[in-house]
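Every chain is named by a letter (A, B, C and D) in the order it is written, and numbering of its residues begins at 1.
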Amino acid sequence: MKIQLKSTAAIVALSSLVAPAAMAEETIKLGLSVPLSGAAAVWGKGAEFMCETAADEIREDGGISVGGETYNFACLPYDNKYNAAEGTKVAQALLNREGVRYIGGSLGTAPVKALQSLAERQGVLVFTVAWGASLKGTDHPMTFTQMNTPGEILPVLLRYVAERHPDAKSVAMLNPNDATGQETEALASKVWTKNNVDVLTSDFYERGTTEFQPIAARLASMNPAMIDLGATPPADAGAIFKELDVLGWDGVKIVEVGTGADGLKATGGAAADGVYMGAGVTFDGDTVTDHQKAVNTRAKERIGESLNAVQIGFYDSLYALKAAMEKADSIEPEAVADSLPRVTFRTFYGGEIGFYGTNIYGRDQQMRLPIIVTQVRDGQLEEVARLIP
Amino acid sequence: MRSETSPLLKVEGLCRNFGGLMAVDTLDFDVHAGEIFGLIGPNGAGKSTTFNVISGFLPPSGGSVRFRGEVLPGGKAAAASRAGLVRTFQHGSYVRSMSVGDNIRLGTVSGTPRPERAGRVREVAALLGLSDKLGETAGTLPHGLQRLVSIAIAIAAQPKLLCLDEPLTGLNETEVGTVLKVLDGYRRAGDRAILLVEHNMKAVMTVCDRILVLHHGTFLATGTPTEIRGNDDVIHAYLGQAHAK
Amino acid sequence: MDNKRKTVLHWGLGGGAAILLSLVLTDPYLRSVLTLMAISALLAASLRFVMLMGELNFALAAFAGLGAYAAGYMNTALSVPFVLALPLAGLFTAVASALFGAITLRAKGPYFLLIGFTFTEAVRVVYSKIPALGGTSGMIGIYPPLSLDDWMAGIVVATSVILLLGLFAAERSDFGRILLAIRENENVARSVGVNTYLCKVIAMSCACFVAGVAGGLHAFVNTVISPGDFSYLLAAFALAYVKVGGENYFLGPIVGAVVLVALSHYAIGLGGSEHFLYGGAIIVAVLLMPSGILGAFGKVGPRSVETKVRAARHAV
Amino acid sequence: MQHVIQLGATALQIGAVYILFSLGLTLIFGVMRIVNFVHGHIFAIAALVVASLLPRLVEGGFAAPTAYVLASLAGIGAALGLGALIYFFGFRHFQRDLVGSFILSIGFVLMLDGVLLSLFGGSVRGVPEIFPGTLSVAGAQITMQRLFLCAVAFLMAAILYWALAHTKLGKALRAVAYDHEAAMMVGVPYGRIAFLGFLIASFLAALAGALLAPVTIVSPVIGTDYLIKGFIAVIIGGLGSVPGAILGSFFVACIETVGGYYLDSSYASIAIFTLVIVVLLFWPKGVLGRG
């Protein structure tokens, strides 16, 4: 016990030493709570990259001017390992050790819940891409969502698909057995029914699964006109479509919250053709700006794949914060949170947007991002419809 | 005199086979209070199997083991021990990493009330001459003392029938003398007995009251050491080999 | 007697100082680190308790999870107050682990270890399938009473000290001697009338009571729990605490927990490199300090011989 | 009927990989009495090397099958190198020490998690098709690639089975697994045999990785899924038993396939775990485990 005490004292002293030295006064630290290890590490790494990209751009543009002073952002990415316990550790480290007062972005429903409960007590402003509906609403006045969630995407996407394929009247659904999967499934089955499509089955599978043959066999045996893989990550979805292809199933393919074509093509090959996605971002075609292309090229070098909507959220949040801080002329989180719903800012997707969501969530906490319906055609992701809500 | 009291241990028609091999075949014998009963036989005669079945470490294939009038449930070592039948093992039955005192205390945990355990440990240690070794780690003691610790654990459990599996192996003559003296003293308490499996013929012949000879899992002969020494079958099967050496 | 008094003195000083530290620390971050150290030490001590009888309880993560979910469910759905929910969570876990042990302790060594590993992963899937437990996104709002908020670090540390004291007493008792005998020579224990199977189940159950309470504390401290919190890594880390601290010493898991938790808090700022650093620490500790930090610093005591004996046995 | 054939074919294909994987686990346990959690990472590194080299080789002008063989050789080589490193700097000192070797393997697992992630990145890699085409058996569809995978897996299992019974090394491995002290007494060089056993086991895992790379999702965390399934297979079959590993692998593959087809796949994984407990109730040492 004596030893414990000594070590504790030593560690306590040590941890205060090793904490990065206080930065220059004009820096605003943005904490990021993202997975940097494990299966979702690539999302976290991309998020870190996008946060840094936006911070660099803002610095080069002359920073944020509040009260005559110029401030700049610095990104502090911490690994939340996609679970609540690590999320708590990250929250403690960011809020209580680093003294962070803004969360530039956070990923993963469970760790974000852990972060949110601590952040709200301390009046810290939180941006998140997490989809849990319970994270939003009037109970959480300091939380803002930096990405489209199923609530925004599904009604648009599914109506579009139903209209394009009027003969397809049945769907089989599959989702990963996690928070996003469960949220997506609950909403999607409602929306399909509303569009007069019959839901034949709605299954879940464990994340980390690598053998999709049995799953594909089950889906194909229902003989559905459409297969909706909901929140299934692109790589898993590709593998499933490939197995379905082998089994001879041919119908309308949807990955509702599919975020990118790279993973889909990597595992699905030609079987990925025709897949509709609701959160995909394309970097080919005429509408893509040079800026988008350049950032995406650098991202590919850094993280190995094309940017997706999750990661782009970590770019947009910085411009939103900049706008709100300048409008409020303050760097106090409460004041910034107050002015956020009333500002517009330049999004990575192009154009000036603001916040909305009072109808659904009771307050304007959702970025008014365009909902882009994309489809894989001849191995390329193409934008087939864009709707700005 | 012996036939007047009922036997402490009565083994009737005991059988144990391993697959097709009959290790012990319809064995009968009894052990009475106050005696040291030797169980001998050449290697592979079935001594260990008999020992294991009696002490509940192996269930019997047939027959029964009656102890103090009650039939012991087969294959329940702890139950046999609590009934008063405690055994040791051939290859050191003590815990290497524990002190001698803690080792002996192990023997007291299931039968002695907690307040009396410490006293019992000291008593047994004194009996076996281990009093000044109580604090030492058993694994670091010389071999002879380790054997004594094994016996001490068993004695601490206050058995009515103490079953010793080759307790003298590897001991020098002085140590053998100590152990034999302890065994002799233990038997003298009257209501207790010792069942001894041992290779050291000289010791067996000195200390045992009666001896049973096993050969290929079956009964060969029984009697006092003098009777056994003069038994032609035994000399032929067993002692003959020993004498030839 | 002198030894006993010294032990009592050590516990009084050490435990008292730890509790005092938890009360005087005002920095919320350091307090959170201290509570995590205390909970981790509990888990590691629980793991080591089962190791006394020679088994690796890799189901530890599952039982910590059961404790956390039991405490969380009682608190959020049944409004059981904090002071009651905590011991009840421990009891629930103890009963569940006794059932689990009754089945699995018929197997030994690697079987017991691996079955614990798979059980952990299975239980996680089960949580995610129960909406009442919050599914995969986890259970939120597990708050201790507001009046206790400032005292939580003290409560966690005090509870840990009490439970550790309980484990210490059990280890030094005849029951502890039986467990050690079971590990090294189960036949000896059986030969003196000990029902070793029952003892194993009881030991497992006691250890898991501690793990269950630790899980409950985890739930109340974090206020949010998710199935991902209780993956096999939790048991792996607990094992690391035990091994790095020194498995032959009662203080081993505590020292290991303090050192490694501090290290992991430092490493958390390194992003994805945390695993690298953590794994490296374990490898170095295991290869260069086989009897842990305490062993390396040459702590002398009756147990130091054990290491030598064990090493000798493995060399054969 | 078509369902039954399709399910049977699927179970056979999945089982084939589990066999390769769990044979290695059971071999290492048999010879060294250690539980090797690094096995999954040895598997993963082979798959990762194949997945990252293959596209480059194909782009470099090699024909797909040639490129695949080259990439596989590199992958297996890398995995064997890793295996040898881990053996020499780690497990060599922890033979027959279940707890010590286990914690060491956890240390390696954590470290390799970090290493693989930083070497290969977290993103998923696509592997071009090597053997195009599908085979239709009574209405059931099997891709040529899977068929190839299956054939190699069974061939390797058969070779191992034969080699254990008939070659000098195989006999030595079995002798060591059965009673290492007795084996050493009759002159079996334990240290060398243990190392060879470890390498053979690593080779099997690496081969499984190389075979799976073209048909599955290759990411740095791919090993864990197989590790869990592999452990379940060897618990069911009995640690250290080669026929046990084969039996257990099929058992897991069948439940996964049938359960995934009739239930939903996350319930199938709960079913697998439940069945392990049931098996353990009746056979505490696995169905074919020894005492």
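The definition used in the following text is that a residue touches a chain if its C-beta (ideal position, glycine included) is under 8 Å from a C-beta of that chain, and two chains touch if they have at least 3 such contacts.
Predicted model only: the values in this text are computed from it and were never measured.
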Subassemblies held together by touching, subunit C left out: A, D | B
{"item": "Shared chain contacts [subunit C and subunit D, defined touch]", "value": "A"}
{"item": "Best-connected chain pair, where connection means C-beta pairs in contact", "value": "A-C"}
{"item": "Chain nearest the overall Cα centroid", "value": "C"}
{"item": "Inter-centroid spacing, subunit C versus subunit B (mean Cα positions, whole Å)", "value": "42"}
{"item": "Euclidean distance of C-alpha centroids - subunit B vs subunit D, Å", "value": "50"}
{"item": "Mean-CA-position distance for subunit B and subunit A (Å)", "value": "74"}
{"item": "Between subunit A and subunit D, centroid-to-centroid distance (C-alpha), Å", "value": "35"}
{"item": "In subunit C, residues with contacts to at least two other chains", "value": "125, 128-129, 272, 274-275"}
{"item": "Interface hub residues of subunit D, defined as touching at least two other chains", "value": "113-114, 117, 266, 269"}
{"item": "Touching pairs among all chains present in the structure", "value": "A-C, A-D, B-C, C-D"}
{"item": "Residue ranges of subunit C touching subunit B (in the complex, touch as defined)", "value": "174, 177-178, 180-181, 184-185, 187-196, 302-303, 305-306, 309-310"}
{"item": "In the complex, subunit B residues that touch subunit C", "value": "55, 57, 77-78, 81-82, 86-89, 92-99, 102, 105-111, 114, 117, 137, 139-140, 153-154, 156-157"}
{"item": "Subunit A residues within the subunit D interface of the complex", "value": "37-43, 45, 177, 203-206, 208-211, 213-215, 217-218, 221, 234-236, 238-239, 246-248, 262-263, 265-267, 269, 303-305"}
{"item": "Touching residues (chain side subunit D, partner subunit C) in the complex", "value": "29, 33, 35, 89-90, 93, 95-100, 102-104, 106-115, 117-118, 181, 228, 231-232, 234-235, 239, 266-267, 269-270, 273-274, 276-277, 280-281, 284-286, 289"}
{"item": "Complex interface listing, subunit C residues touching subunit A", "value": "10-11, 13-15, 17-18, 21, 25, 27-30, 32-34, 36-37, 41, 125, 128-129, 135-138, 140-141, 218, 221-229, 231, 251, 254-255, 258-259, 262, 264-266, 268-269, 271-272, 274-275, 294"}
